[in-house]
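This is the structure I have questions about; it appears just below.
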Amino acid sequence: MDENSATNGTHEVVLDVNRDVSRTTQASRSCVNVSFLQKLVAEVVGTYFLIFAGSASVVVNKNNNNVVTLPGISIVWGLVVMVLVYSVGHISGAHFNPAVTIAFASTKRFPLKQVPVYVVAQVVGSTLASGTLRLLFSGKEAQFSGTLPSGSNLQAFVIEFLITFFLMFVVSGVATDNRAIGELAGIAVGSTVLLNVMFAGPITGASMNPARSIGPAIVHKEYRGIWIYLVSPTLGAVAGAWVYNSIRYTDKPLREITKSASFLKGVASR
Amino acid sequence: MDENSATNGTHEVVLDVNRDVSRTTQASRSCVNVSFLQKLVAEVVGTYFLIFAGSASVVVNKNNNNVVTLPGISIVWGLVVMVLVYSVGHISGAHFNPAVTIAFASTKRFPLKQVPVYVVAQVVGSTLASGTLRLLFSGKEAQFSGTLPSGSNLQAFVIEFLITFFLMFVVSGVATDNRAIGELAGIAVGSTVLLNVMFAGPITGASMNPARSIGPAIVHKEYRGIWIYLVSPTLGAVAGAWVYNSIRYTDKPLREITKSASFLKGVASR
Amino acid sequence: MDENSATNGTHEVVLDVNRDVSRTTQASRSCVNVSFLQKLVAEVVGTYFLIFAGSASVVVNKNNNNVVTLPGISIVWGLVVMVLVYSVGHISGAHFNPAVTIAFASTKRFPLKQVPVYVVAQVVGSTLASGTLRLLFSGKEAQFSGTLPSGSNLQAFVIEFLITFFLMFVVSGVATDNRAIGELAGIAVGSTVLLNVMFAGPITGASMNPARSIGPAIVHKEYRGIWIYLVSPTLGAVAGAWVYNSIRYTDKPLREITKSASFLKGVASR
Amino acid sequence: MDENSATNGTHEVVLDVNRDVSRTTQASRSCVNVSFLQKLVAEVVGTYFLIFAGSASVVVNKNNNNVVTLPGISIVWGLVVMVLVYSVGHISGAHFNPAVTIAFASTKRFPLKQVPVYVVAQVVGSTLASGTLRLLFSGKEAQFSGTLPSGSNLQAFVIEFLITFFLMFVVSGVATDNRAIGELAGIAVGSTVLLNVMFAGPITGASMNPARSIGPAIVHKEYRGIWIYLVSPTLGAVAGAWVYNSIRYTDKPLREITKSASFLKGVASR
């Protein structure tokens, strides 16, 4: 944006939605000082509330005569993603999902060596959330809050692949392509999760997220079909990111792209 | 915007919602290089996910005791349109609908000779999505995912005409009139689809889109009433675009209008 | 904004949400040329689709075992208001409601002598929409699409007063106070309608709009309690506008306020 | 922003989402003149409509065979918060909630000595709204509109703590951190309330707000478990604000932060 930031040698990707040029420049500089630890705290807390709210809606629905309803559960999953993108997206990138982190790394939009730490943070957040729920609802109310295929494994695998492909395709479109509109990234990504849960929830639980499935599995010691939720969303997310890349503008200097508006690329690729 | 773009002789319509003038100018230039093939890929992939998500919500609802509910199905159709506008609107214009493409062409906002290729891409996307669904749900679960009138043909014809008129009227207002607000086009257009499905779904299936109806018809070999869904939405969309034109500002130089903010006019009129 | 517009002698209120100063200035000038007829067409067409979509959701719900549900009906009413604000708000101000038009006039934000023509346009749109519905659904399906109190007249009067007060209070806050955010006016106003219908629908039909009640009353010759829906929303809207005025910034020159961002004040106060 | 405002000695926090620098500067100056009384009126009126709409949805649902449904009730609570943030957020900060006011004061974002007056205004608004509802629905329809734990007190305490923590965490992220996006604060905060009510409503009533619980308690003289709703949300909100602070940018001069975009910090810290 200015000489300074062009020559400071980092490829920091920052939230670039401020209208005020001077403020943006300032933000670019201060962004370098955000400690990696803060990003990890944001991922743990974010994943915690994502899984807590979403899973609580499933458990409360089971314990109260389906009073939440499937649309209600879908709305909870979608909105919690949206509000977390807006509250910590500028800190950690708001992944909360190993499949998303790996897909970003596969397209060089996230540093490969930070992937393991991010994934650990996400799994920790998910497991803590599932444990909290397990403690809050005991006896007959201790419902399983994880994901299980309701049909065949193949059906579940294909659906998880497709919905995570779609999710990552949208994430790539709204959050990494600078012609698109950064401010609305949270609304678009949350809405994609919402609609995916609405139709895929009854079939696969609509995980789209290995961390979302492994947390409850650990707490409830229920590992049936868990491999589907580890493998399929990861493959789907990588495929979605790559297919989007094939239709992305390619004649733009890399420096411009890495500087572009993105909620979901909050970590420097040093 | 600057001398350069004023004299490069194209009437490229571009996403003009960036605040930063220099970035906008740059986008104007690079936009010329987007290959037509990329636009077609965006239309195929976009229509695929539009029809896959929407139809899956219908099929899953039928197979699971109406657990999705009509509001749930409406939300899926509306949100999938919205997120696709935000993720590929800047690439292909996010039509996904022959009626919309033809209506844009009728008001000279889309090149006439590109209409057939766009329509083919949309029908291919819809047919592939319907085929995927047919493979995923077999036996008793192989529900028809297309549209059929629940009442008389005349009733269905009038309702499809009115809801597509309304859709194209809104599209024209938010996406082609530069006084309106480009960023919110996806929200407005998606919401129009959502509300149309909510009341017209039980009567006509709320197609508004020949491609949405022809895909499942081909896969399930169910062509009853298909002519309604080919003719009525197309007439409705053209009428909606023309009525909006009658109340549009008319004292503005054409060059200004073609440059205006629009998600839905992504293709150059060369 | 510039010398020109400051001295052209009109108090035209225009959509002022463009970031680009030069474009705003241009819009200010061309706005003068929008014919009053175009505004009336926008009010007729807008009110037509508002009443058509909202009433259709009520009728379809009655004829199909409550498949739309009350939340579904509320969503239709809210979203149709929102999309119409975004598509014709910059043309006519998107009133569609005599109570809103009168309340604006009472605070000098709409020219008094244009009130009767606007009200006629709104009633015409509502009546045409109710007539269309009456023709589309015949025999046992010819449900009354208007409003009737389910409890006492006093209860209905108070509730209609309060919800229209709230609606106009929000309209005043988001659309006439230039510290607020013009772009989101459609979302805020539509959401207010949505939530009002959700809780007041079962008690009064949640009209908030004399035109919304008089159209179906004319078509179905059902005038019981109609005076409540003519008087109470009008009083509520005026009260809401005046209460908001009492907490509005008052130390700003009038010229600044009349120039401020507003979707809902599209008509010049000449 | 300019020399004037830098030297006028106040730390007024203002809505900073205008694009136009000159307008922002002007707003900064005029903001000083907003009387404290106007802020209190905004808090009373805002809390009144928040509690009236939300509680009415609960009462109407009980009296009409659950026609509103839990998703419907959640949508009312979420949207009413959102529209009030957009209509009076720039006046009073749109707290409507003693827990939020106290949490802001605990992080020095709200003047400590104004806390009692704000809390009184909020309790007055809530009590008036509960009284209005009590008068509107009499006899068998006089349902309790307040909050009661459906399970153990401990369960209710933990859940109220967690959901209010989450609410204040999001408020801090979107409304007090200037890297985040001020315009969307209303959508994010309203959505957080919506999703919290969806899963916590059946367990605790999802208060998150001492004023929301105390108003109906006073009117209905039903004080069982009221201490939970006074203590737990307050502790949760303070904790949420402090945890967010731990991941906030800290290398920015204080003056910049107090000037940053915020809907929810409308009162000067003199």
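So that you can tell them apart, the chains are marked A, B, C and D in the order they are listed, and the count of residues begins at 1 in each.
The rule is short, and it goes like this: a contact is a pair of C-beta atoms (placed from the backbone, for glycine too) under 8 Å apart; a residue touches a chain by one contact, two chains touch by 3 or more.
Just so it is clear, the model here is predicted, and its values are computed rather than measured.
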Notebook entry, point to check: Common contacts of chain A and chain D?
Noted result: none
Check: Does the chain A and chain B pair touch with the same residues on each side or with different residues, judged by whether over half of the numbers are shared?
Finding: different
Note to self: To test your reading of the model: what rotation angle superimposes chain B on chain D by C-alpha positions, in degrees to the nearest 5?
What the structure shows: 180
Check: How many Å are there between the centre of chain B and the centre of chain D, using C-alpha atoms for each centre?
Finding: 39
Check: CA centre of chain C versus CA centre of chain D: separation in Å?
Finding: 27
Next item on the list: At least two other chains touched by the same residue of chain D: list those residues.
Entry: 19, 69, 71, 183, 187
Checklist line | All chain pairs that touch each other | finding: A-B, A-D, B-C, C-D
Notebook entry, point to check: Within the complex, which stretch of chain D touches chain A?
Noted result: 19, 21, 69-71, 74, 155, 158-159, 162, 166, 169-170, 172-174, 177-181, 183-184, 187-188, 191-192, 194-196, 198-200, 202-203, 243-244, 246-247, 249, 251-252, 256
Check: In the complex formed with chain D, which residues of chain A make contact?
Finding: 15, 17-20, 23, 26-27, 30, 33-34, 38, 41-42, 45, 49, 52-53, 56-57, 60, 64, 67-69, 71-72, 75-76, 79-80, 82-84, 86-91, 132, 136, 183, 186-187
